[in-house]
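Please read the structure below before turning to the comments.
Each chain carries a letter (A, B and C) given by its place in the written order, and its residues are counted from 1.
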Amino acid sequence: MATIQEKGYGHWDGRLIERRLPWWPITRTAIRMAFRTRHFKFFFSGAFIPAIVYLVGIYVSERLDDFRFMIKGSEKFLVINPGYFKSYLTGDFLIFMMVLLMVFSGAGLIADDLKFNALQLYFARPLKKKDYLLGKAAVVGFFVLLLTLIPAVLFIIFKLIFSGNFEFLTSYPWLPASIAGYSLLITAFFACYTLLLSALSKNRRYVAIMIFAVYFFSDIIFGIFNGIFNNPYFSLLSLKANIQQIGAVFFGQKPPFDVPWPLSLAVLVAVCVLAGVALNKRIRGVEVIR
Amino acid sequence: MSSNRGTKLALLGRTFRRVFSFFFFLGRRSRKTKVFYVMSGLPVAMAAVIKINQMTAGTGRDVVNSVFVDILMMFYLQFLIIILALFYGTSICSEEIEGRTLHYLTTRPLMKSGIILGKYGAYSLLLSLMVLPSLFCSYFVLNAGRLDRAAVYLAFLRYAGVMVLGILGYLAFFAFLGTALRRPILIGLAFGFGWETVLQYFPGSTQRFSVVHYLKSLLPRYSPGRFSLLTFRLEPTDPLISVIMVLLISAAFIGLACLAFSLKEYISAD
Amino acid sequence: MTAVIQTVRLSKWYGNVLGLNNVSLEIEPGITGLLGPNGAGKSTFMKLLTGQLKPNIGEVLIWGKPVWNHCRHLSKIGFCSEQDAFYEEISGWEFLTGLLSLQGFTPAAAGARAEEALAIVELAQDKDRKIRGYSRGMRQRIKFAQAIAHDPDLLVLDEPLSGLDPLGKRKIIRLIKDYKMRGKTVLVSSHVLPEIEAMTSDIILIHQGRILAKGDIHYIRDLIESHPHVISIKCGNVRGLAAEFVRAGFVRKLDFGPDDDTLTVETHDRDAFFGRLPAVLLENGIQVEEISSPDDNLQAVFDYLVGK
């Protein structure tokens, strides 16, 4: 006589295979969604203008005689040294474009999840808080590194190709490490800055304005107080000025402001620490309503 | 025909009153308003720092004047009111769509243009209440030693008038952006910090294509030969024409916003 | 009876997607249920009725007047949206009085009406709590309250019972029925069929943007000739009863229940069957415990029309 099996829950004895990079789907989706935003591709392309200009500069520097008629008096700007890299990586326009890209691609990273109560969906899966935050930060990292690390490495490569020898690298062997270090520091800072502001509100429009306003405001305040008091220590109030200070140190250049560089670094680190504290409080699987 | 128009105007007026009072109430209660109030108060802190420095360093009165015009007014005109107007102007339409609360308004006996006008009025008053006290405090902190002069008060009224006009003008423009575009923030930022900043340094009539040109034309002038950062390269327009132009710009853009809101359908993603 | 709502060839596109297709109907006073699965076009239809969307083709008339960009008669319409969206930073009380003030009521009148509406939906005790702190059911109730607070003549309710517990649902259903007794018009949508059945037998079936059927549910059922009617009879002598009907031409199928006390009959002519049944029962002395029509309900009608 056949036995009748009782229907019930069967325990599965298999092994649950976890993704080695659990944060990757978050990053991939957010990057795709950023590119789907109207006008994003336009602004993203525009952010590469300085890179193209500097790349052309590297080419022209190797063909100075051919272009002397065009660049009369400007040859000093085409000396390819660490200062050239610092000039690109800490340029006002590049930093401004990075802030704009954060407005586009970063404003809604956490704000939208808070608005639509999606955190519960994330944490109902085998995803830790650090994976969630890493996934979101990696979106910022993707865009910032594309504008900093990649072009700078390409500058070195093209410099070597155009010059036909390794003299540049032997002269500045520490340059690749400086580029990597600065790029990673800037990436970490912008990721923390963007995620901090994105986590403070459910309104993406408000976050977009605050990303822009806080950056701009810090620079204006520095300009005002520096103009009145003529004290370089007010540069610590400006996010841009602190980035430029640290950038100069990384590339062995004279910092633009007469302020000890550890203080500038401390300001950037303080923003990152503040972001860490705020994100830890705001990112929770369950919303607590008081 | 005229009675129909009269009825429509009466309905518009009623809609304006009702929407104005509801959203002025809501705006005051909003958390973001509190954040913006703090932001608006920062020039007062700046003014206090500058004043203390003046008193300890013995800086001249003219320097304090120039600080107010070139620095604080610059901060108000070219940063603060633009940021505030951008957020609140785009909120007139966008916050209802993003928050999916638009149907609470459009399923009530309210004229669509009246909804826009009512919110515009409410947010204009709200922004004025944010900016004017801050302007008052920062101005009178810097002019603390000159309060016996009537000219000081008249100058303040002029600055306050410029602020209010600026709020009306920018709020109307950003309201139009918010009704016409799905993502108005970037165009708004490009306008406020790109177009408005760059165009004022262009020669001739080009400057007149920016709102800030007319606002700056209303500011008190320095004596000839005195350098002012705020009015650098300014080819001022007559004050009366400037006022009319700002009011016309405000009316035009808020009219366009009302038209866009009345004709468009706003479909929220369910 | 004069129709409250009239639509003439009403169609609505969302880009390339057809939301509503050539809908022409009239809705009279009383309760009308709008039934359809998700994506059928119920919300689109309701948004067109309340002037939130503009028809691409055709027109919508309420009390003989067009709706799009005509706002005056909206004072007599109450709309309860399906969306869970509020002005979160204010309390339930402030929300209701605010919306009533938009309706044109004075502060005193708005306060009185808000109290009444809150009492009806049993939120009077939580009126001063911020809506942000409301539970799902409370949010649904405050949404319903704002639709009825101004005592409208036409109620358009999009899924009004979602998120409510069974007791809450009963109260709202009773309230909706009271509205009908007072001569008001209610159009209520749902995809939970027993809820609609509890409120009304006048239904509109909508699927993929088209109206499949409109009218009394039993009448609609009778019209569906392609599906035989199913009648279930519980009695003492099922086999004897079956023997009497096995030769009848109008009987398509006979089925016995598991305990042999129920006979299920499939017939394409319900009238003929019920005409013959009493005589058969009397002649054979069969005592009947229960007679029911398992498919004479909305679910079956809907399944048949949708083609499941």
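By definition in this document, contacts are C-beta pairs under 8 Å (C-beta built on N, C-alpha and C of every residue); 3 or more make two chains touch, one makes a residue touch a chain.
This is a predicted model, so every value here is computed, not measured.
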{"item": "Leading chain pair when contacts are tallied as C-beta pairs", "value": "B-C"}
{"item": "Per Cα centroids, the chain farthest from subunit A", "value": "C"}
{"item": "Centre-of-Cα separation between subunit C and subunit B, whole angstrom", "value": "49"}
{"item": "Averaged-CA centre spacing for the pair subunit C and subunit A, given as whole angstrom", "value": "54"}
{"item": "Averaged-CA centre spacing for the pair subunit B and subunit A, given as whole angstrom", "value": "33"}
{"item": "Touch list for subunit A against partner subunit B, complex", "value": "37-39, 43, 100, 103-104, 201, 203-206, 208-209, 212-213, 216-217, 220-221, 224-225, 227-229"}
{"item": "Subunit B partner contacts - residues on subunit C that touch it in the complex", "value": "14, 43, 47, 50-54, 69, 71-75, 77, 79, 81-83, 85-87, 89-90, 94, 98-99, 101-104, 146"}
{"item": "Complex contact set, residues of subunit B against subunit A", "value": "32, 39, 42, 46, 49-50, 53, 67, 71, 75, 79, 83, 86-87, 90-91, 94-95, 98, 182-183, 185-186, 189, 193"}
{"item": "Touch list for subunit B against partner subunit C, complex", "value": "11, 14, 18-19, 21-22, 25-26, 29-31, 99-112, 262, 265, 267-268, 270"}
